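Starting off with a structure, shown below.
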Amino acid sequence: MDRNQLAKWFQAPTKMAHKYSLHAVYFCTGCGIIEVPPVITARWDAERFGVIPTATPRHANLFLITGYVSVKTLRAIIRTYEQMPEPKFTVGFGSCPINGGMYWDSYNTIKHLDRYIPVDGWIAGCMPRPEAIFVAVTHLWTLIDKDMADGYKRYRTNYAAYRANQERALGELEWPPLFPMERGR
Amino acid sequence: MARIHWRYGPPLYQPLIDILRLFTQRGVSHGRLFDLGMVLSLAGSLVVVLFLPFGGISPMSGSGGLLVVLYMMLLMPLGIALSGGEAANPNASIGISRKLILAMGYEVPLLLILLAVMTHYGSISIAEIVSAQRRTGASIASVPLVLSGIAYVLIMPAMLGVRPFEVVQAPQEISSGPMAEYGGAYLALATVQHALSAFIAISLFVNLLWGGASNPAVFFLKMLVVFVLVLFVNAAFPRLRVEQAVRYLWRWPSLIAFIGLILVVVVGR
Amino acid sequence: MRELELYFGPQHLGMVGNFSITLTVEGDRIVKAAANPGYLHRGFEKLMELRSWIKNFPMVCRINVVEPDSMEMIYAMGVEKLAGLEVPERAQFIRSVYLELARVGSHLFGLWAYANMLGFDTVAQWAMYHRDLILDLFEELTGGRVYHIYIWPGGVRRDFPEGFEDRIVSTLHSVGGCVPDYDAAFFNNRLFYDRAKGIGTVPREEAVTMGGTGQVLRATGMAYDIRKVDPYAAYDRVPWDVHTREDGDAYSRVWVIRDEMIESVHMIFKLLDAMPKGEVYNRIPNPFKWRIPEGEAYVRCESSRGELGLYLVSDGGDRPYRAHFRTPSYPHGLTILERALEGASIADVGNIMISLYVVAPEIDR
Amino acid sequence: MNGPLRTKLDSIFRDVETELADDDRLTVCVPKDSVVPVLSFLRGEGCDYLQLVSCVDWTERGELELVYVLSSYTGEANPPGAARANVLVKTGLPRTHPSLPTSIGVFPSAEPYERELHELFGVRFEGHPRLTPLFLEREYEVPPFRKDFDTRQYVEDHFGSIPPVEEGS
């Protein structure tokens, strides 16, 4: 850590803490999960960047959505996302969450992920390489620095729109809305 | 740990960053009992730390040091159990039952060891034991206590909740057991409490069986050596099931501790 | 004792792939387990009916994430059988070397998952590191790390770059050299024996009635391997043997995987020596207007998880009329897993599941 | 190996026509209600491994063709010749309300296959213990794997209409 970093640290310690300890919740949502184990183990070792897989959403603040999202997985993703404590960041992994990717005409996959939960960063590529994941992590650092990684704030402000989309895709949801639905959309 | 895995690993101060990050996250509380249990276990471990002499400084080890330590040691699993139970997560409840079973597992040999040490030195204040050892050399070297020393080393991984006995927080099986529901600030407190209990177990070992230390620096060095040794054990073994762990704990360490106790009584007279 | 419903759900550190099991639990014992797949269902066979024969090749290897190569192989065999294509000799050898490399990589991934599940982080890291060395070989040969669309109807996309054989040999020597360390640290470890012995036992007659294949059968002493029973590619031109174990529990399944990995490495060396020179690719008619004569074909190959089958029907058009993959994890993950879990303890759910080598995307397709 | 099997089949079952393909693969076309007896007969003959239960939707012929692919472990020695060939048992079902007695009695491993075919093709299997949905999350009026289910149209009207979340509001 060179000199000017230290100045930035003391000026905003919380931001530094969020940057260098991104605990990712371990949830294999799609085919992209095959690139995550090499990243967290010896060869690529994401722990240098402070990215450690955790067991429960409660401990995590980074949510990696790896690969395509089927309808049934979307329900689990929304629940996991809502269980994570507040400053949380999501990264869409691979081309399938962006626009449906290779399964654009499949009746069971979700086409645009950011219509259901806010996404802070995207990694392109059908199975992005481990280096692409590190580029995404460092990019997330700069976003956090400039306070642009505000997915969770967006989720809070227009929650009504997100909830409406979720219900449109999944039909009736069996858990109560997270935030009070102040503006019915 | 990272070095053993052939990988570069995070910077040394990574745990500090994690704790800082956790404090700034907005945790979710599951009702008052949840918070109470947390505070209880943290208080328990803090009090115990006060009683343990850290090198030269021993703030409150006036009299009855060992008994208080023993009593307080049980407070920690109780506190976690109380708050974990409140969190209504099936993984948490299974984790708690495991934690209590494991605690029961290593309490038996621990009691035998402490009894052996107390009868050998005829006092229950840790400070006196430390000073006695300075005269007669580390107690683990003295014949009768070497057995209880070995027993202590055998149950050390269980007390620290480290790999062969990482039954309580088994991430792969019950997604980190009782800690499953802790988020944000609670998780920070829980990790601090876990670190404290590790500190207690090692400092108890260093004080009673390895002759304490005159100044904090040497004491810290000894603790570091013990911790690294335990880490090596951690890296080499898989996780045992609960009943296997307890069966092991009650068979070998208790036997050795018991023989140690008899030896002390016989030799002592 | 009160019964508790526990979700070994999709979001779980012990769950490799996206698959959830609802367990009714009494204390620490599992009373009943109901597998609940479907989280990765994308209607694969339906999508294949909308794409032409050639366009399906990049699609097909996405079914099984851990070992995409046997999927390419099975689809290529299906198309060749229907269209009556001939594969040159050298391409057969290259395909077998390529498949055996993929098998070693997939077994290393399985070892990572299994060691991680038992808490053996050190061995898991080693296994994943060695798998990465093999992925570098694939990257050099085909350009892709995981999905390398290399097998083509009528042969292989390109020949080995020069000097590639001895790079394979040197990597495999470096991986093979660590086998004694793996044995000392993991396979002969007393605690591994305690944790895996007698867990998830699948006796032979249950494995046979439930349609089990691959390790599940070989762990019960039955030498059933499609490469021997119904040889394809160049497997009948090189002498090799099938390893089996006796008592069909998690311990013997992992040992079968270990022996198979070593056997594959030796087989690659033999294949490389016996590889003939010559053409690698038979030209196929213009892929865009390529009509396969009407007919149906059922082809089988041995993937690292077990026996992989494909029932391919063509109605003479330029698109497959119906494709149905018979994936090995299907019976392992649904019928056999539910029986093996009954009576096990919670700590062994992941242990049994991964020792049965279940991969979620294969079940849902 | 399938030659003698074929003659035995012809002799015992009258309403069965068998046809031996070139690579020793035997195809047996069977009417609906005699599927289970033929399967148990074949199982007795040594084809004790049901690999796959698949279904092909022939729209121009107007029938759902169910295909049971059988093969055999053939015990220890597993002579390469024996297990090489597999036997395909086919039966045609009407497209409107296809239903068939379940074959779990003969092959317990058929249970998940039948559940899947029920869900994706709408084939009812009488006597199946749990025909609950296996993969799909939502009900579809036309079973998705049928030819007349247009997945692109379905995607258009289900996912196309979901508006992106406006940030500005």
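Just so it is clear, A, B, C and D label the chains in written order, and each chain counts residues from 1 on its own.
The criterion applied here is as follows: a residue touches a chain if its C-beta (ideal position, glycine included) is under 8 Å from a C-beta of that chain, and two chains touch if they have at least 3 such contacts.
Treat the numbers as computed from the prediction; the structure is a model and nothing was measured.
J.: Chains shared as neighbours by subunit A and subunit C?
T.: The common neighbours are B, D.
J.: Please tell me the distance, in whole Å, between the geometric centres of subunit B and subunit C computed from their C-alpha atoms.
T.: Comparing mean C-alpha positions, subunit C is 44 Å from subunit B.
J.: Which whole number of Å gives the spacing of the CA centres of subunit B and subunit D?
T.: Each chain's C-alpha centroid was found; their separation is 59 Å.
J.: Just how far, in Å, is the C-alpha centre of subunit B from the one of subunit A?
T.: The computed centroid separation for subunit A versus subunit B comes out at 36 Å.
J.: Would you mind pulling out the distance in Å between where the CA atoms of subunit A average out and where those of subunit D do?
T.: Those two chain centres are 40 Å apart.
J.: Which parts of subunit D, given as residue numbers and ranges, touch two or more other chains?
T.: 135-137, 144, 149, 151-152
J.: Counting only residues that touch at least two other chains, what does the list for subunit A look like?
T.: Subunit A, residues with two or more chain partners: 41-43, 54-55, 70, 72, 105-108.
J.: Enumerate the residues of subunit C that touch no fewer than two other chains.
T.: As it turns out, subunit C has residues touching two or more other chains at 12-13, 38, 41, 43, 46-47, 50, 125-126, 129, 364.
J.: Could you please write down every pair of chains that are in touch?
T.: In this structure, the chains touch in these pairs: A-B, A-C, A-D, B-C, C-D.
J.: Would you mind writing out the residues of subunit C in touch with subunit D in their complex?
T.: 37-38, 41, 43, 45-47, 50, 208-211, 217, 222-224, 228-231, 298, 300, 307, 309, 311, 313, 321-322, 324, 326, 330-331, 334-335, 364
J.: Using the touch definition from the top, list the residues of subunit C that touch subunit B in their complex.
T.: For subunit C paired with subunit B, touching residues are 4-6, 12-14, 25, 28, 115-122, 125-126, 129, 185, 189, 191-192, 194-195, 345-350.
J.: In their complex, what parts of subunit D are in touch with subunit A?
T.: These residues of subunit D touch subunit A: 135-138, 140, 144, 149, 151-152, 154-155, 158-159, 161-167, 169.
J.: Flag every residue of subunit A that touches subunit C in the complex, lowest number first.
T.: Touch list, subunit A to subunit C: 25-31, 33-35, 37-38, 41-44, 53-55, 57, 68, 70, 72-73, 76, 80, 102-103, 105-109, 126-127, 129.
J.: So in the complex, which bits of subunit A are touching subunit D?
T.: 70-72, 75, 104-108, 110-112, 114-115, 118, 154, 158, 161-162, 165, 168-171
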